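There are two complexes below, and they share subunit A, which is joined by subunit B in the first and by subunit C in the second.
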Partner chain A sequence: MKSINGLSLKNIIKKPVRSVALLVIAAFLAFSAFGGSLMVSSLSNGLDSLSARLGADIVVVPYAATSKVSYDSIIIQGKPGQFYMDAKYYDKIKNEIEGIDKITAQCFLASAKASCCSTRLQIIGFDPKTDFSVQPWVEKSYSDDLQLYDAVIGSDVTPNSDMTVVIFGETLRVQAVLDKTGTELDSAMYVNADTMKQLIKAHNEKNPNQERVVDPDRVVSSVLIKVQDGYDIDDVVGDINLHVRQVKAIRTQNMISDVASSLSGVSGMIGVLMVLMVVMWVLSAVLMAVAFTMIMNERKKEFAVLRVLGASRARLAGFVFQENALLTLAGGLLGVLITLALAALFAPLIAQSIGLPFLLPSPLMMAAAAAVTVLLTVAAGALTAAVSAYKISKIDTGLILRGDNG
Partner chain B sequence: MKLTAEKVSKKYNRKTGGAGYFYAVGETDFALEENALTAVFGRSGSGKTTLLHMLGGLLAPDSGRVLADGRDIYALSDKALSAFRNRHIGVIPQGSTPIASLTVLENVLLPSLMAGERAEAYALELLETVGIAALRDAMPGELSGGELRRMAIARALINKPSIVLADEPTGDLDDENTAKVLSLLRDTAAGGAAVLLVTHESEAANYADIVLKMDGGKLTNTL
Partner chain C sequence: MKLKRHIPNIILLIFSLALCIGSFTFFSACAGHGVTVMACHWAQNAVTALGALLTGMSLAAIIIPDRKVKAGLELAAVLTAVLTAIVPGVVISLCMMNSMRCVSVFRPFTILFASLTALAALASAVIHLKKKEQ
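Presenting the complex of A and B:
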């Protein structure tokens, strides 16, 4: 030991059991705080991303689809499936309903098995001229206009080595791969309306015996609407349902809530998680404070000896703070790293189980949350210990030594 | 440096029965002379350790003052009193008092490190003097009670204090080591320090310049 500053490190190294115990408690405290906040923000991000990705206030689907297929899962989550309605309904809504700011149509086609994938693949066709739902999202990966036979694919779709995908005998050029969402959207493919028409034609040719032949030039699967400011979304929904037959208009928020085991349910879950996180953090902090205080009491005699040798109260508190700050810093960092590792491992599983994207915050946000977590851990542990040691040092040293002497 | 106590007293609360408190040290005047080894004898519980702690700035008296060269040490701030103790008072507490995470040498060096120095050569010399130089790199857990006591003596002397307060320093030692430690304290006093030795071992009287007795919290100069 070259200087008195080395005392803290010596205390840590030479008392491994005590040090490891405190480090584990600090790691648990950091894990509960960081893990909880990561869980809550990732779920919130997931919910936000669903709404934001769709970008629409209202979705209109063929009325028949509402009783036959899980139209909401198809639209929101990209589950393979298809339904169609006459394109005239799109025109009717566009021309006759008031309060529409933006309107676009989408067309769905589920492949039985493409050359690229072992499972079914959902193909989503959109009109680049009117689209406000898919392109803002796709543009993060591909900013040019999609041409005929161009496709943008989800992260789970594996293209051929020449970056093509073959669907119903048609070869599509893969222009970009989207970021992972943790949902079935990762197995979806996006094409423009012209490509979609070619694919539906190819599908018809491959399936000549299908019950209902779809005319690719006359159908859409869904109509997405952004309501003008000043108009009530529910009023527009009611207007469409009243004036346009054979279709059903649904408020997007209600649709998401149905899909994601109810939006309010997930929101409730987030609330419960937040409460749990606070409770866990408080319990861990109390556990840590108790552990540190107990250890400080155990070390009364050691502190008394340091006082005998000339350590002032402030210096003694400084020794203890330094020692415990090193431990809680290491424990806090360990807890943060464990949380990150677990989040990376289990994020897809969580997304699958709750039917929502589990979107981790940005690296910057995570770094900030990690820094705050570590600071809180150090504050909870090292400050408790230092204050406890300072309080002990306020007892006359002679009394502590006398107590020891019996 | 001359250390004096003016009418110091200390009472402790009783845990059970009787009066609410008792006087460990009644109102007492005391002067610790430079260049002298003062031995205070007394049974266990006679108040001699309490007196030593009050003199060392470790236990504030309920009444009276402790003066170092005329300056009331309990009027100093905690920081100033701690620095004063570190520089001028070497305390050898009763019992085993090592810092368990430090080696023997590091334990002895600790007061000098607190003072911002690293008196390694002198520490080794002191370890040689107390007969545990070979154990310089040993951890306290590897030492016997007697060896720990000798380490505490070396530690108390590392900053060459002008006042040495030794509380039963020969408690766990055999005759040979007892003689060594008492000789060391004797030499320290001869070197100019004011040395206080509180003990119940009568052999210490042979090394003392001044012999006092403590009984029931009262200090007398008769054995």
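Presenting the complex of A and C:
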């Protein structure tokens, strides 16, 4: 019985239809488990990176901007859009409101449909001297100060081959590409306040009929505030809204929770999807068990012959187990590889379709999830094999070979 | 069973046709606006042309009876399909942002169908090389 170890492999190769059917079921099992877990973790990663990114307690925007449906998406998620207020409001808040630890202003400008692209690019100008929101994030990729016409781009923006980007006819030097956040901030560009002023001037010259910014030296889009320890954030928000006219202060947490609540609606849907996937997983496991049992019943005579040739019951059970393990391992690996390939190829399309922050887990996390999925698939296969192996070990050789086994 | 003999080549033909027609229809690159021609337009043209070449090769592999010529055409199709997969983004650059259609739709579908075409061509070539002269 030396050759029985190679028999499992030969059986798999010589019966391609049977083997492929079991392999496909195992691959489907792995695909549903791994695909579902990737989807859920990508959505939750996206929301985490969104909350971690802003770093401010309060955002102040021009009151007129609050009538824009998507003003919070512009600030939180970096969707292309622009609004402005006089910089005097920044000075007023800075000088007259108590409880402010850090304060900085940002300026937004959405590019027109440039020659490079048919979509708009959000440009965010920040003041390196006061900034506490963008800089810590930029510093992960670029530690020097940004100079005039320097830019740092989100991970989804592809610069020209000479690492430049042309916006409104102005050529910007790309100094660094930021880490992925899974939000539309990945499609944004960051410049310092001086570069922003030049871009706004260029925008005004190139688009005389569009919304003009009268004085680029005297406008800001939003003011970000970090509240001092010991002060209540809601009190500071109320103070600003009471004493500074024409602006609206909003607690950042409320803006994020708006995005989060839309996400929680989706999480409910994802929850249902997960339940469906678990059901599919269980059904696949049952299907695999049924298919394997049927195959084993058909092969009773083959096993009886092996018994006559001297294979022990334990050896026969091991042989059945080995064959199933090989098939489920191959199927599990195939399912995981297909999921990984589809995730790598279609992540941008999925993110775009669901319209929510979507950030795939790190390669290490994905490798761990893939390993667990393959183990689960092999375990499900092993369970069905154990049942079949037990039945095989009980066969009565004489009855089967005489054809009286029913 | 004449049809059964041609199944691998028919599968290859279906994938090649899907690549050729899909590249300018259901998974086309970005639509230009006005007179502007997008960077990705040229990548789309190249994929369509290579898809047409692959379709021609697949048809020839069905028509030509000699198995060695068939295998030769299929091996050439493997290389052409691999080249097609790297056209968007590597050989010819695409548009600037990942959110754009050429990056989110055209490139993944091209890679997917080109890979499937390469696999089908490779499988057909192996079958024809292993088959004994009849």
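In this text, the second predicted complex is superposed on the first by the 274 of 406 C-alpha atoms of A that agree within 3 Å, B and C clash if a C-alpha of one lies under 4 Å from a C-alpha of the other, contacts with A are read in each partner's own complex, and residues count from 1 in each chain.
FYI, contacts are C-beta pairs under 8 Å (C-beta built on N, C-alpha and C of every residue); 3 or more make two chains touch, one makes a residue touch a chain.
Given the structure is predicted, the values throughout are model-derived calculations rather than measurements.
Student: When the two structures are overlaid on chain A, which partner does A:L121 contact: first (subunit B), second (subunit C), both, or neither?
Tutor: second
Student: With the two structures laid over each other on chain A, which partner does A:A314 touch: subunit B (first), subunit C (second), both, or neither?
Tutor: Only subunit B is touched by A:A314; subunit C is not.
Student: Once chain A of both complexes is superposed, is A:D186 in touch with subunit B (first), subunit C (second), both, or neither?
Tutor: second
Student: Output check: A:V157 vs subunit B and subunit C. Expected answer is one of first, second, both, neither. What do you get?
Tutor: After superposing on A, A:V157 lies in contact with subunit C but is clear of subunit B.
Student: Just checking: does A:K15 make contact with subunit B only, subunit C only, both, or neither of them? Give me first, second, both or neither.
Tutor: Touch status of A:K15: first partner only.
Student: When the two structures are laid over each other on chain A, which of subunit B and subunit C touches more residues of subunit A?
Tutor: Comparing touch counts on subunit A for subunit B and subunit C gives B.
Student: Touch check for A:V272: first (subunit B), second (subunit C), both, or neither?
Tutor: neither
Student: So, A:P348: does it touch subunit B (first), subunit C (second), both, or neither?
Tutor: second
Student: Inside the complex, what are the residues of subunit B that reach subunit A?
Tutor: It is residues 49-50, 53-54, 56, 58-60, 78-79, 81-83, 85-87, 91, 93-95, 97-102, 106, 109-111, 113-115, 118, 139, 155 of subunit B that touch subunit A.
Student: With touch defined as at the start, can you tell me which subunit A residues reach subunit B in the complex?
Tutor: Of all residues in subunit A, those touching subunit B are 1-4, 7, 10-11, 13-15, 301-302, 304-315, 396-399, 401-402, 404-405.
Student: Across the complex, what residues on subunit A touch subunit C?
Tutor: 113-119, 121, 155-159, 161, 165, 184, 186-187, 345-346, 348-349, 352
Student: Can you name the residues of subunit C that touch subunit A in the complex?
Tutor: 30-33, 36, 38-39, 93-100, 103-105, 107-108, 111-112
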